[in-house]
């Protein structure tokens, strides 16, 4: 990469006022599997794409964690770093619950964890956390969705995606942003999964060629009167099947109407891939953040 | 001349032959290149304003704040690197709380800002730390009236009638110098501050901006609060209108 | 049934009273007597309401247990609180008693914590001042976060439980019985009243009506009989006044100078000090020795 004399130490500023080590840590986030979050006035949901070393032989790396009954996170980047932050967040929630017998407001939790990110960017004996978090939660001010970054920044969103090829997911989310408000929970989950599927490229690790399966993704949801629920495997099979059959119907209808034009159905929102057609959806490639491709193969630390 | 590439600018514990500590200067660049922040002290209170580029519409409005409350009588805007700035804010909150606990009174602004300058300074003294890429633009109202202070990352802290940091600070400062701040009320100054910020915008980029405003005055009961959304909008709109008016006048004169 | 009586106008429209500043009408809560010397007897152990001499670690003799406060100095007595239709009422007198001396007569023992919560205290006044400072710090933190979250009465109650229990486990208790009352506006099904109590050992409970110290014996029987969660404000106020009157008659460390505080959906109102009508010319009082021959 662009090696220069200011980029090896987290305590060294560049003459332009940048800290390269932090920026490099942010690259690690972009290489983790994609995670998507959406919220509306009542609920917040997460969907995350899990990676595995070898789809046939290994299990998938877990990357959605329950923090408390009202908070959950999805992690992109170095999952091991994410678990440290996860433990920290669980502790914060427990301490708050012990003292106040009530759930910790989500915004305050996220600010605390972002401050921890920052500390790791300012000490010579530390390195920045190589993870971004999507954090959903529900408290007295309603549902929330936050994203944190290795730099210690955090933002609150209606909908956001992060990780490898997340640009494709973001494009979907931006397009559908106005629909989320009136969605019920089921529809919100489906939106999250559809957005997530946008980010599935063809990877060696998932042999499904750009398809979600019940094995390679996880969903988490939380809302008013609904404690955090993490759905895996068979629990999400229904949702995954539902979005796939909807897509097939849509392509079927489109095909009947436009008489054989697979190209257009792919070009749209990339929802047109039939399982039997292992194509590369053009949108996903163009949308991928730069520098993804080659680094995925190397995996210096376990990404997820 | 030593400087970039000379090797004298890699550590905060290294002086250059001319007696400069480049690392603190570089850290200052983070503030200089960051979002513009303005603080003004009026006759009845003080105002803080930050102009931020509007990010995606997927982000919640008013969610990425740069103005924080330190104590009931005191607030702070953070230019530059926001995460670094939050560390200063947390420290300020602790200092204010400790002072109150120990002395039973609110912390005088001078004491607070001096302590914050010290806090920032510590980060420029040791090889294992880095200077913070932010600063503390403090507005408060204590027994001596309203104050605006700027405590910088190199460890200095001054009181100002009006001050701007970040991108376009020079232009804003010139505008501020023209105003008679000590004769203005906060309400009047709000519009004037918006005007300064809007004027220095780079029109060539098509970016949208939002202005974050907070104040403390007799009117707010000497509590540091954000300016109510409708009032803030009103001020921004009025400022825009005045600028357009002036531009029209200018072109009329030319024509 | 207790006769109805009109709510004093200053309660219904009561001014917003901040707990953290002294109010001149009520008299500075503690300040006006502060400068006077307090007589400390030579041998504290021989006098009631005295504490063991200062026990820095160095001064503790070998084998002696370390002692903190073993008795309180200036104390407040009963605090009463009841739920009613729209919220909660709390009342107590304004006495700070030094042993059996009625030493301070303008002590504000009910404080407003935030828009939905008040806390009342009996027991050591200085410890309560300390607790007030803790709560003020907590509320300042809420103010600084500026994120729309504020503490509910039950959270403040839980917090105080932790504080009290923690201090008791350090063998250095805060010598108070606290009552936390307020309205939780976050629930889905509208405002919910809350009353909880914490003792100096950390014992805590919640109920529809609560009283500390003598009030437990003198007022709660009345509450048990007459308090209902759906009673009107007028009914609740007259019940409270009756309970206060009974307390004043039978509790020698009380004075006829009370404050009444209410919390409802609108916020907190703490009344100015007021006195109740009393009647002492009962027949049995006329010639006391008549009924107690040979005693006095």
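Structural remarks
Each chain gets a letter, A, B and C, in the order it is written, and its residues are counted from 1.
The definition used in the following text is that contacts are C-beta pairs under 8 Å (C-beta built on N, C-alpha and C of every residue); 3 or more make two chains touch, one makes a residue touch a chain.
On a predicted model such as this, the values are computed, not experimentally measured, just so you know.
Annotation for chain B: without this chain, the others remain one piece by the touch definition.
Ranking A-B and B-C by contacting C-beta pairs places A-B first. Of all chains present, the one whose mean CA position sits nearest the global mean of protein CA atoms is B. Separating the CA-averaged centres of chain A and chain C is a span of 52 Å. Distance between chain centres (mean CA atoms), chain A to chain B: 34 Å. Chain C has its Cα centroid 45 Å from the Cα centroid of chain B. Residues of chain A in contact with two or more other chains: none. Among all residues of chain B, none touch two or more other chains.
Counting only residues that touch two or more partner chains, chain C has 145. Residue ranges on chain C touching chain A, taken from their complex, read 145, 147-149, 151-152, 154-155, 158-159, 162, 186, 188. Against chain B, in their complex, chain C makes its touches with residues 133, 137, 140-141, 143-146. Every residue of chain B that touches chain A in the complex is listed here, in rising order: 3-5, 7, 9-12, 22-23, 26-33, 55-60, 63-64, 80-84, 86-87, 90, 123, 127-133.
Residues 5-6, 9-19, 111, 114-115, 117-119, 121-125, 151-153, 155-160, 170, 173-174, 177 of chain A are the ones that touch chain B when the two sit in their complex.
Contact residues on chain B toward chain C in their complex (touch as defined above): 68-72, 93, 97, 100-101, 223, 225-226.
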